[in-house]
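Both of the next two complexes hold chain A, though its partner changes from chain B to chain C.
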Partner chain A sequence: MQPAIETVKLVRVFSSPQGEFRALDEVSISVPNGIIYGLLGPNGAGKTTLIRILATLLLPTSGDAYVGGFHVVKEASKVREIINLVSGGERPGYGILSVRENLMYYGQVYGLTWSETKRKIEELDSLLDLSDFLDKRLNRISTGMMQKYALARGLINDPEILFLDEPTLGLDVNNARVIRRIIKSLVEKGDIKTILLTSHYMAEVEELCDYISIIDRGRIIAHGTPDELRKMVEKEIIYDVDIRLRDVDRINFLKRLDSVIGHTVKTRQLTGEARIRIILSSEDIGRIIRRFEDEGVHVLRVTRSEASLEDVFLKLVGKGIGDEEG
Partner chain B sequence: MRRGRSTWNRFIRPAIGRAYVRIKGGNREPSWILWEIILPMIMIASVIWAYENMGAPPIFKGFVILGGAMMSYWYNVLWGMGRTLYWEKETGNLELFLLSDSKLPGLLLGMALGGMFNTSIRSLAVILLGVYVFKAQFILDTVPIALLIFFLTLVALYGLGLGLSGLHVVYGRMGVRINEALDEPIMFLSGQYYPITSFPLLLQYIAGLLPLAIGLDGVRRALLLGEGFNQLYLHVIILMVLTVVFYLLGLRMLNKLVEIGRRDGRLILRWL
Partner chain C sequence: MAIVKWFRRFKAAVWLTWKEQSNWTNPIIYALYTSITPFFSVLVYAYIYIAIAFLSGLVDLNRAFYLVSGVALYNFIGSGLYGLIWTVHSEREHFRTLKYTYLAFPSLHLYLMARSFYQFIVGLIYTIIMFVVGLYLTGYPVYNLNPDVIEVIILIILGYIWSSQLGIMVAGSSIFSSEYGPLISEAVGGILFLVGAVLYPVSALPPFIRPLSNLFPMVEWMELMRHALNRNYMVSNIGQLHSMLLLKTIIYVGIAIIYFRIVEKLTREKGYLEATLHH
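After this line comes the complex of A and B, so read on.
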């Protein structure tokens, strides 16, 4: 069966007076129909570049890409008929118009008649629960409402394939949960056939996606179902070590230990603590804890942990997905 | 899902949608009365009084008022399209529009129509104020030919605006600079406050390439001198030719610039 999305050795190079930047480096993926496909990677990994090429907004430097069986360069018009794109953190539309008027506008843009658009807005209201703010001006709604509206805009043309670029970016925990629930139900109910979702939130990808590709510096470094990916670290030993926040600068020695495949640091400003997640190739935690104490680091807690996608990324790249954000 | 949309559907529906946005946006605050009627009227009044003091014939009042009224179409239709498209790109609306597979000239037509509607309200107010405050007189028998010339001028401006709008998308603020650099020469050549027949012949030929200059001259001749189709058919023919030429060139330039934008990534690049 023909995949919903396919790329073959896709390359995109951006040129500037400072030199060339290879945003995508021979990316090949195949997305089957009827699933939520996750593209996981840190900021600047190439996720948005890939989505922009698939959405026909950007030309690839070389390689091929197909969406719904149509070539994104040679058959861009046919691709556009079956897709839509929703980006997190964006505020598309016109602030002076109400949410309803904005959706009416996008209905026109997609060639729907007034009555078709009105009917569609009613459908979207029942799907996304827009009624509280449908008649509010766009520049007066909250971030959570804005993301629901953005999803409604993305569904106005009943796309077969929906691109979601960091759909919960900037949302609080509750709103992010609501948006994730909606995304999951879209494919389960058959409203959308296929979703390609990019994110740098591990938990989001793990919760939503049937199949995942991990992308770093423009290259796909691993792919599989969440379980298949987790199996990549099933032999490794994972510990969470809680220390005081002020001692974080003293743990650089971890990089020099042979048994440590990688580690990430998550700081908790409120409690004044930091959690160090360490992946070990062999059971060596006793020696590591002693080294912590030798370096003057006060260890608060040590917990053995289950493998997660974050550990897969840590094993493959040697650092956490958020570590590049600085 | 609507598949296999006709060119008409991809062109006219977004035009209607975008015109509504522009009309609503242009009139959201009553301050437009100050900016677009009162302030231009001060400029127009100062020129009229200058002509009166010099003992110019009363017909010059009409020249100035029509010039002031039509010049605003240059800003609000032609450059308004470019500036608005640049704003659409910066807000991310343009990329959403492009992936809809609607026609970009349709979006620009909507901007132009909205701009024309808003500007017409303002121009009408300027003309009415001119008639009642400065007692300017117009010949109404030749209104149909004046309207034809006026309509053709706007269509030609839209064609010219297509290509120039592409500059705003690909070159960002540079497009705004080009706009500013062209303002003064255009005002000079269009004969906003004087008839272009007062120019040397070479300048008249150059001005003849500007739809606004031809349109303004034709409308003035019709409404102030009472010239009809027999005297103004050349204006009509030149404007029709300019309309076709500017539309074809503008469309080609726009498509080329959008292609450059897709190739270089400028369509999705902000703060350019």
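After this line comes the complex of A and C, so read on.
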């Protein structure tokens, strides 16, 4: 069966007076129909560039990409008929118009009649719970409402394939949870056939996606189901070590230890603590804790942990997904 | 069926411009605002004429007609042109919707034409108000006009076509410049005002500027509109003017289609559909 999305050695190079930047480097993925496919990577990894090419907003430098069997360069208009795009962290729309008016507009621009659009908005209202702000002006709604509106706009044309670029970016925990629940239900109920979702939130991708590709510096470095990816670190030993926040500067020695594959640091300003997640190639935690103490680091807690996607990324790249911005 | 869908899309884009322009107030205030703007503009030009006539002691009603009709008709072209070029800037910079529009509307070229349609209608209203009020203020005998309504309608349609295609080309160029897009529209509007037989005939221009007027169908359109509105306004070589207007309009449509396709490809190459200055 023909995949919903396929890329073959896709390359995108951005040129600027400062030089060339290879945003995508021979990216080849194949997304089957009927799944939520996750593209996981840090900021600047190439996720948005890939979505922009697939959504026909950007041309690739070389390579091929197909969406719904249509070539994104040669058959761009056919691609646009079967897709839609929702980007997080932005507030696009006509602020002086109400949410309903914005949706009425997009419905008709997609070729629906006035009554079809009205019916579609009612459907979207029951799916996304828009009624509280449907008649509010777009420039007066909260960020969470905005993202629900963005999803509604993304669904107004019943796309076969939906691109979600960082759909929960900038949302608080509760709103992000609501948006994730909605996204999951879209494919489960069959409202959308296929979703390609990008995120740099591990938990989000782990919760939503049936299949994941990890992308870093424009290259796909691993792919598989969440279980398959987790198996990549099943032989490694993972510990969470809690220390005092003020001692964080003293843990650089971890990089020099042979048994340490990688580590990440998560600070907790409120409690004044930091959690160091360490992946070990062999059971060496006793020696490491002694080194902590030698360096004057006060260890608060040590916990053995289960492997997560974050550890896969840590193992493959040698640093956490949030450790690098850009 | 496909044509019905296209019409629906076109209508939605026109409706959007109307909402965008009028949604800040109630319809009565908006209607008042729309009528007052041209009223005061024509007051300025009419009183320039009256002041000159008063100071020089020369009253030339034909000149009054030329001036008032030129200023009034320029509003139709100018309003639509500004509206069209401004659409690219506002969709990308202010509303951040240009990329979503690009995905939703099958042709950005036709979308821009649709978005500007409302502005042309508003421009037409301005034109009618300025024309009637201007002629009244300058004392021109309006009952002498004897307009050819069919020709006026045909010329309005042709004016919409050529000026929207000119707008498409300028809007296409403005995609490559976030900051200067609106300035380009003002510059083009200014050139049309200068060389388009708005306030004076082309023969009044310095010889080195005159060839510039041949680049635009503005002079032919202006002269034919004046003649269609007022059978007493004489134009020489009316057949040649008709042919030139039609020919230039066809050329504009052809060039605009090709040029905009090139622009679209370059825009996708550079990723400019989403490029903003984050004002």
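In the analysis below, the second predicted complex is superposed on the first by the 325 of 326 C-alpha atoms of A that agree within 3 Å, B and C clash if a C-alpha of one lies under 4 Å from a C-alpha of the other, contacts with A are read in each partner's own complex, and residues count from 1 in each chain.
Please note the rule applied: a contact is a pair of C-beta atoms (placed from the backbone, for glycine too) under 8 Å apart; a residue touches a chain by one contact, two chains touch by 3 or more.
Keep in mind it's a predicted model, so treat the numbers as computed, not measured.
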Overlay on chain A: chain C relative to chain B, clash or fit: clash
Contacts of A:226 with chain B and chain C, given as first, second, both or neither: neither
Which of chain B and chain C A:55 touches, first, second, both or neither: both
Partner chain in contact with A:82 - chain B first, chain C second, else both or neither: first
First, second, both or neither for A:320, with chain B first and chain C second: neither
Shared contact residues on chain A - chain B and chain C: 14, 52, 55-59, 77, 80, 83-85, 90-94, 96-97, 101, 105-106, 108-112, 153, 157
Residues of chain A defined as touching chain B within the complex: 14, 52, 55-59, 77, 80-85, 87, 90-94, 96-97, 101, 104-112, 153, 157-160
Partner chain C, residues of chain A touching it in the complex: 14, 52, 55-59, 77, 80, 83-85, 90-97, 101, 105-106, 108-113, 153, 157
Footprint of chain A on chain C - complex, ascending: 5, 8-9, 11-13, 15-16, 19-20, 23-24, 95-97, 99-106, 265, 268-269, 271, 273-274
Residue ranges of chain B touching chain A (in the complex, touch as defined): 1-5, 9-10, 13-14, 16-18, 20-21, 24-25, 28, 91-93, 95-102, 107, 262-263, 265, 267-268
